Amino acid sequence: MDRERAMGILEGILFAAGDPVAVEDLVKALEVPKEEVVRLINDMKQEYNSKKRGILISEVGEKVRLTTKPDIYPYIETIFKPRVKSQLSRAALETLAIIMFKQPITKTEIEAIRGVNVEKTLNSLLEKNLICEMGRLEAPGRPILYGTTQFCLEYFGLNSIEELAKLD
Amino acid sequence: MDRERAMGILEGILFAAGDPVAVEDLVKALEVPKEEVVRLINDMKQEYNSKKRGILISEVGEKVRLTTKPDIYPYIETIFKPRVKSQLSRAALETLAIIMFKQPITKTEIEAIRGVNVEKTLNSLLEKNLICEMGRLEAPGRPILYGTTQFCLEYFGLNSIEELAKLD
Amino acid sequence: MALNVKLEAFEGPLDLLLHLIEKNQINIYDIPISELTDQYLSYLEGLEKLDINLASEFLLMAATLLSIKSRMLLPPMKSGDVQMEISAVTDVEDPRNELVDRLMEYKKYKDIAMILKEKEESESRIFKRKPEDLSFLWEDDFALSKITFDDLISTFSRIIRNQKVAENLNPRTILKEPLPLKIKIKQVYSIISSRKKVSFRELFRRNASRLELIVTFLAVLELIKLNKIKAYQNEVFGEITVVLKEEA
């Protein structure tokens, strides 16, 4: 398939989807190899770099998405009412950080690292769909094991957890 | 303001909005005269004409919006369609639910609730014998009133419409 | 009160210890344990006003610190440097090691939490798009199989929550018969008698349903049969004109 046409199709799909789309799905739609889809996405990133463009393409958790560029934010704010942004507490962020790198992990293990009770924090993270139960540990009491969700990566705009380790 | 930058901002705003945005709002955000906004939009139309692009800019009344190019839809279908194949589409389910609980109801009323044209959906529900015409409303245009069929009630384990009222 | 606020700024005993270490520019691998313990305990005095759950965690750490301090006081008592050498050679653990490990591990996640906070911040400055309603692509393509009555109820309540319009439906009169022929005959007759001459086409409302078209047609036929009106056509497929038949 013509590469320019393929880029157009990718843009159309990502635009219509709204939510991040798995690379595998894009491969299926375009009927080209995965490597070619990845190359196309990289080329599109270059295109979107232009000043003329107000959106950008990025990867979150093995999925691809379109979003507005951060520097458009002030203009969007002038038209739309500012959203009420509820940010995560420090307790929630620390607990998430531990679960991200130690998953699957039990509540007791998290508490050992943080030195405080994390019951409430875990419940609130579960409610926000940032973490999920991943089964139980084969040990006395069969404690629940926790892990992070796909949504968690999307929430922070992360492609992978490893990306965070590199930033260290 | 730099014209290319202005195009980028317009794209970002329209992308984030989803719904059509009034030209007046764009004027406010960019702080340039209305004629300039119109010129910018026309130039953007040229840009979006490129094969590389999967979206287009269009005007509805005094509003502007971005949409997927129609020729992309077959590709979108290959990705998203199989998910709903074996169940009622969301449109059909919503329309049926509205008719079930608000019957007798006219097409216009259903459209007011769902915010989209339900012509096709209604025909499809009629064909499946889930809904039927229940007479006409004594109002200008004498619109058809729709209700659920006995088959539909039985399918969902109800004996009569009266049983629905009890659920309220 | 000011003290309370200050203490609540700490996420737990480890966080407080890290703060004290940083504030006093302490080398984390050679913590002057009695100095740190004293400072920690003085902070704890302000904790009594805090909720018990939090306090117990801080108290547990106080106990740990005191225990390390007492173990360090036990013989062999040498200078710090020699102590380190001995522990390296003879495998005698430095009582502080476990605490240092815990602090380092906690610090690692505390730092990652800071990065996450930045990510959350920058993510809040970009906008995603609402998914497009693509249902029109497969509207005709559905089966009942997986739908339950509960699905209908939850779908309906979701729609109604989102749309207050539904509550504003006006009360109205409902006709049982779709469109009684009798009424249509009267309507058609009154149009023709008031205008004397009408084109057939004009008798049909724009947007009329198929049923309404049929009933109107029947009404015209009926009126012709009753000898009330006359219809004529000047050419094949031409306009049909309906005129009132004057009473003889």
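Going in written order, the chains are labelled A, B and C, and every chain counts its residues from 1.
Rule of thumb we're sticking to: a residue touches a chain if its C-beta (ideal position, glycine included) is under 8 Å from a C-beta of that chain, and two chains touch if they have at least 3 such contacts.
Computed from a predicted model, the values in this text were never measured in an experiment.
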{"item": "Graph class of chain-chain contacts, one of line, ring, star, complete, other", "value": "complete"}
{"item": "Selected interface, B-C versus A-C, where C-beta contact pairs are more numerous", "value": "B-C"}
{"item": "Greatest separation from chain B - chain, by CA centre", "value": "A"}
{"item": "Rounded Å distance between chain A and chain B, as computed from the means of their C-alpha atoms", "value": "28"}
{"item": "Euclidean distance of C-alpha centroids - chain A vs chain C, Å", "value": "16"}
{"item": "Computed distance of Cα centres, chain C from chain B, in Å", "value": "20"}
{"item": "Touching two or more other chains - residue numbers and ranges from chain A", "value": "15-17, 66, 68-69, 72, 76"}
{"item": "Sequence positions of chain C contacting 2 or more other chains", "value": "127, 129-130, 132, 134"}
{"item": "Of chain C, residues touching chain A in the complex", "value": "11-15, 53-54, 57, 61, 102, 105-106, 109-117, 119-132, 134"}
{"item": "Touching residues (chain side chain A, partner chain C) in the complex", "value": "15-19, 65-70, 72-73, 76, 83, 85, 87-88, 90-91, 93-94, 96-98, 100-101, 113-117, 155-158, 164, 167-168"}
{"item": "For the chain A and chain B complex, residues of the former touching the latter", "value": "2, 4-5, 7-17, 21, 25-26, 28-30, 47, 50-55, 66, 68-69, 72, 75-76, 78-80"}
{"item": "Footprint of chain B on chain C - complex, ascending", "value": "127, 129-130, 132-149, 151-153, 155-156, 159-160, 163, 165-166, 169, 172-179, 205, 207, 209, 212"}
